[in-house]
Amino acid sequence: MPLIIKDEYPEKLFREDGKRLDGRDKNELRPIKMEVGVLENADGSAYLEWGNNKIYCAVYGPREVHPHHLAKPDRGILRVFYRMATFSVFERKRPAPGRREKEVSMVITDCLKPVLFLELYPGTSFEVFINVLDADGGTRCACVTVAALALADAGIPMRSLVTAVAIGKIDGELITDLSGIEDKAGEADLPCAMTWFNEELSLLQFDGKMDLDEFNESLGLAKEAISKIYEIQLNALKKKYIEIQEEYSGGEK
Amino acid sequence: MPLIIKDEYPEKLFREDGKRLDGRDKNELRPIKMEVGVLENADGSAYLEWGNNKIYCAVYGPREVHPHHLAKPDRGILRVFYRMATFSVFERKRPAPGRREKEVSMVITDCLKPVLFLELYPGTSFEVFINVLDADGGTRCACVTVAALALADAGIPMRSLVTAVAIGKIDGELITDLSGIEDKAGEADLPCAMTWFNEELSLLQFDGKMDLDEFNESLGLAKEAISKIYEIQLNALKKKYIEIQEEYSGGEK
Amino acid sequence: MPLIIKDEYPEKLFREDGKRLDGRDKNELRPIKMEVGVLENADGSAYLEWGNNKIYCAVYGPREVHPHHLAKPDRGILRVFYRMATFSVFERKRPAPGRREKEVSMVITDCLKPVLFLELYPGTSFEVFINVLDADGGTRCACVTVAALALADAGIPMRSLVTAVAIGKIDGELITDLSGIEDKAGEADLPCAMTWFNEELSLLQFDGKMDLDEFNESLGLAKEAISKIYEIQLNALKKKYIEIQEEYSGGEK
Amino acid sequence: MMNIKRVISTIEKNYILSNLKKGERIDGRDIWQYRDWNVKSNMIASAEGSAEVSLGKTKVITGVKYDVGAPFPDLPNEGVCTFMAELLPLASPLFERGPPSEQAIELARVVDRGIRHADCVQTKKLCIKEKKAVYIIFVDIYVINYSGNLIDAGGISSLTALISSKIPEGKWENDEVVWTGKYLTGDTLVNELPIVSTYGKIGDIIFSDPSLPEELVCDGKISISVTEDKITSIQKSGFATFTIEEVEMLTKKSMEFGKKTRKDLNLWQYKL
Amino acid sequence: MMNIKRVISTIEKNYILSNLKKGERIDGRDIWQYRDWNVKSNMIASAEGSAEVSLGKTKVITGVKYDVGAPFPDLPNEGVCTFMAELLPLASPLFERGPPSEQAIELARVVDRGIRHADCVQTKKLCIKEKKAVYIIFVDIYVINYSGNLIDAGGISSLTALISSKIPEGKWENDEVVWTGKYLTGDTLVNELPIVSTYGKIGDIIFSDPSLPEELVCDGKISISVTEDKITSIQKSGFATFTIEEVEMLTKKSMEFGKKTRKDLNLWQYKL
Amino acid sequence: MMNIKRVISTIEKNYILSNLKKGERIDGRDIWQYRDWNVKSNMIASAEGSAEVSLGKTKVITGVKYDVGAPFPDLPNEGVCTFMAELLPLASPLFERGPPSEQAIELARVVDRGIRHADCVQTKKLCIKEKKAVYIIFVDIYVINYSGNLIDAGGISSLTALISSKIPEGKWENDEVVWTGKYLTGDTLVNELPIVSTYGKIGDIIFSDPSLPEELVCDGKISISVTEDKITSIQKSGFATFTIEEVEMLTKKSMEFGKKTRKDLNLWQYKL
């Protein structure tokens, strides 16, 4: 089946003026927009735009476990279902969930678990549905970030929020918040997430090539960026809180 | 994979003498044959030949629901499994049930439900297995008609029988009881079924192009044809009743 | 998808000196090696090399049945899962279990059942996992033979061992213990297994062409070969018994 | 957050029904009144075309993708346009994970049939080289929030996504497909604007655009697709039955609704 | 309507067994007697060949379809003949929906092997153009009523369906397959008439053509396929074991049964 | 026979943990000490390459097979190397039958990524003819005995199986692939020796090469793949979290471990 247009990568990922192809500086984030309480039927929900990433997340729980035999007598279970829309990527994705989607679901589950008090909810489940409608670089980091918001929106007790970002390496230099093209054409990708209650890494993956010095520097860049994104998360939660307050206080704007 | 012979359609679907390709008048039915009690292991069964359609139907129920969680505490459930044999169509059908088979199963379920007293059978299921061994035009109508017979044969209380027929449009004219070639090469297909207890339509689908006048006329043609087919259904049930009587009255013929 | 090298069969399967291609006489067995207790996590296990066949077998049971509805109130059930590694054959096998694997599993189940006292274990299951890592001729016979050993190693009461061999026909002559190439290029394949408690055949398949005389002669050859293989089975069991004894008797070798 | 987590109770059922008998609906609409439409297009950068359509609180996002493949042997100069629908569990606790449910299959099929029989997508224009290469157009519908009447929302969002599409134009050269540098746009892909309207029936009362609570208690629904002057597809679902007179009335109503919607939504504005 | 809805009870088991010990069967047959055969052909207009075969109340319908495809790389001039069997739930409450059961796989495989090893279907005649195009013949067996011994009924119906087939003859021209206007018929497709006979064993009693109640209580079965003068396939199933002498006796019996059946049913009459 | 049939009890958990706090492990190892390696190659006659690797009682068998196919359109001159892992139920009662578990997918993926990003398998050398024919290399990992730390065992066995491979060399002639009579061997297939090392974390204690009981009680693991001088892949799993300092320490440790293992195991000896 011939394809008409090749998804070609440019030879260089920095412009002549030293900026990245989308005009960003090395450690500049893409535009990020977050909103909570966007879905009426879920217990909690959030929507996120991050570069071209467009992601909805809904949380249900604590609720009964289906199928039953997955229930744990001594704790609640967390189940994350990460899915990509068929049209969210350059070449149409098949509708059925693939191997990669299962793997990313597992990674996100592992990343979110440390902030939940699952031991307080024996026999129940928390289900997190994440649907990527448009995908760009750093999708799994965006998913972790939006899922933490949706959990908070559901009023589920949490040790803290979780915030994620991907650090990368392009044309031999370290950059913050990889875009899609930088991810594909670049030399390394380091998605990581921080749980704020202990300021430790709860997601850590790496693919590419870095020596020890570069790697250590990347971890520092990640921490810096994560702090900025955390602010945006907090603002999204505050905004809903303010809206609810205004609603209660009646007509007086 | 090259195919040797193309399944080509003729340019005109009326002959010079104004008859249809198979010699029928516009509103003439194909030959229809029905028989009940044809399968010894089912609670009720029926066999139907309608043009080239050859269809077996078996009914089991009321019986336990498998899997259990499908059972409804306040009513019985009706499950219809419509399947085509691999060799029932021009190009071999794959053995696994396809999307179309699931869809037609749902349509037939919706069509039969109104005549059953499911509320009298909480926690149980009625299962209707329909196997098309040879397919021609109007298969879903034939299936509804034979399934109603098999339900009656099983002695399941019913508000009335259900009877179906497809009206079509070929070369700009409305016709009754579409054949396979008329369905594929024609301009419109209107399968519909009538529940006799209220003389209303319990199956109604339409695909093609008709203006409002044509459509209204088609509904009239459908009602006319359905009355004739209903007679054949009743005769098939009577025939079995007579056979049983003769059996009981012993040797005296 | 073009393949580079054809898996071609020689024209003749006997050498000029009357020996078979691998140097064996007509009724000579390939080298066979058996060992029990090779897997620490199973209730019983065995490993077998027979020609190029390399097979591991593990037995779990009696244990709870999963899924529950398969349990029988009046007896235990035996479940055999025969699987080929993707790299065990000339052309890579797909990872998912195929039709052939299910069929062979059923054949082996039928063959082993007669020696077990399943009626003594109501509500439980015995599960036999057989994994062929390298396949040669007579794989199913090798599997039966190694599975009987693993059952014995698990300490499960048995009426007797079961032993199997395949008789074949190549270039018009009957031979014992078909190799892979003799199976593919030969004229007939007769795998059979004997349950020693009654000296009857509990596995019997045949594919190819033989007249009645050839067939009857083959059964005689099978019995002869099976007796030899039985000795090897017994020795494998004895060896473990001796090792355990030595262990218990402490340092004195 | 509205609580639709349980199947609606008998009390609610009676309440909805008794209101309908008085010609009133629980959200204050008239019997034949639709909820508000909201249409956006081209929000998905990765898709060749896309639309986000809200009908009241029901929200559906549809994307268009393409592939180039060999035509079916019996239709050597026709492309293919396929529809898929997914009812995302985030849209409602009523939606389960797993392979497409019957409801999802029905949604895709009814939208598909309404569009197919209207000659809306002219598959002959989707041929690059007879017998060799045609376009396969994928129209994939994702339900983001479920608040009733997915079919009508799915129909409008599919049309809008198709109209808003830009698909690279290919030509046949030296036995392969190469890009001309130009694009096929909505006016090439879409020929007619078939509009589907759905009605619910409870007892003997029929009404337009069922909301979620109405959909959960109704005996059945009927969806009717129409072009300017023709009916192109009908699908009845559920165990309601309809008199012939009711069906005649509803087809007429659908023609009127089609005209009005075509005008109100002005879908051609979404062509690039 | 006979009630076979439960697995047969212990009482029935003992009854069948004690009768068999006296050389009697519950339906009055002798130990080696078959139920009546009834063979029809060519009832399926859409199939290239078809047969409906009854053995007592067991009824099986088999259809033949074809496709044209590329040969396997290692058999560049051979067509393919595949067998599939489906145990329809309408044939018995013992049959469940879902992917092919072990019993269905076994039915298809035993019929397949009996036919394959007899060189019954000569796959070399199914080549249109070496390396390029061969026939794939599908023989699909549907069980319509289950009353025991599906294998023997499946074997006869498969043979009859093949014999009754008319498959368009193709030739290779300008790199594609075109129809010559002629057909391949049964005498090209079928070369030998392998007949399979199945025996049940309960305790140490062996009998022909097990009926459903017998099949449900028996310890095991053995199916033996034969041509005029050769055994071509054997399959033992169930947990019965057989002495070598019993197997020798049964192979001899199968040769006799094959001869008789070939003559009685006269399958070549179904060639078109 | 060691009894690992139940998920490890709380008592055992506390025992393992309290020992670890004292810098001791239940099998007597030091915190950073590995169990013994045992590497064999080329035991599978049917595979193009194979390896059996034991790490303590954990045993993994990996085989290499190849196929020739068309390249991906966007990588017209690159072959493909894929990894698959199966956790055989015979290896542990904790492994269930059925489609690949999450654990099996993770095993294959982590081994794959460690090897892929090291440019270990140079896919450009696996091209026979641009746009037409490339090699597809299958590296399939079977777990025979599960006693903890499958990833490190899987990594070494995959490398060894690749190094020990002999793959028929093809060339493009008259529009098809023909065999040159020569073979591609390990030195063509394998370019770098990426070594993966896995660490467990319980509470705030980190240790190398988790054994089965340790794996069952640990909060999480981290696997780090390295070449001579670069990190090529990291995967954290489980709900443990790591401080930045811990991660820095572990990457350094992995470089050391990689160097030592490369020297100790001397994998190039398995080249044919």
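A few remarks follow.
All chains are identified by letter, namely A, B, C, D, E and F, in their written order; residue positions are counted from 1 within each chain.
One rule holds for everything that comes next: contacts are C-beta pairs under 8 Å (C-beta built on N, C-alpha and C of every residue); 3 or more make two chains touch, one makes a residue touch a chain.
Only a predicted model underlies this, so the values are computations on that prediction, with no experimental measurement involved.
Hopping across touching chains, the smallest step count from chain B to chain E is 1. Common partners of chain D and chain F, by the touch rule above, are A. Looking at chain A and chain C, the chains in contact with each of them are F. More C-beta pairs in contact connect the chains of C-F than those of the other pair, out of B-D and C-F. Taking the mean Cα position of each chain as its centre, D sits at the greatest distance from chain C. Chain geometry summary: the mean Cα position of chain A and that of chain F are 28 Å apart. Remark: chain B and chain F have CA centroids separated by 58 Å (rounded to whole angstrom). Chain centres here are Cα averages; for chain D and chain E they lie 48 Å apart. Under the contact definition stated at the top, the residues of chain E that touch 2 or more other chains are 100.
In chain C, the positions touching at least two other chains are 2-3. Taken as a graph of touching chains, this assembly is arranged as a ring, one closed cycle with exactly two partners per chain.
All the chains close into one ring, and from chain A toward chain F their sequence is A, F, C, E, B, D. Residues of chain D touching chain B in their complex: 73-74, 100, 102, 105-106, 109, 113, 116-118, 220, 222, 227, 229-244, 247-248, 251-252, 255.
Listing the residues of chain C that touch chain E in their complex gives 2-3, 6-7, 99, 102-103, 106-107, 110, 113-114, 190, 195, 198-212, 215-216, 219-220, 223.
On the chain F side of its complex with chain C, the touching residues are 1-2, 4-5, 43-48, 50, 57, 61, 63-70, 84, 86, 88-93, 96-97, 99-100, 133, 138, 140, 142, 144-147, 168, 170, 176-179. Chain B meets chain E in the complex at residues 1-5, 37, 39-43, 45, 52, 54, 56-58, 60, 81, 83, 85-90, 92, 95-96, 127, 129, 131, 133-136.
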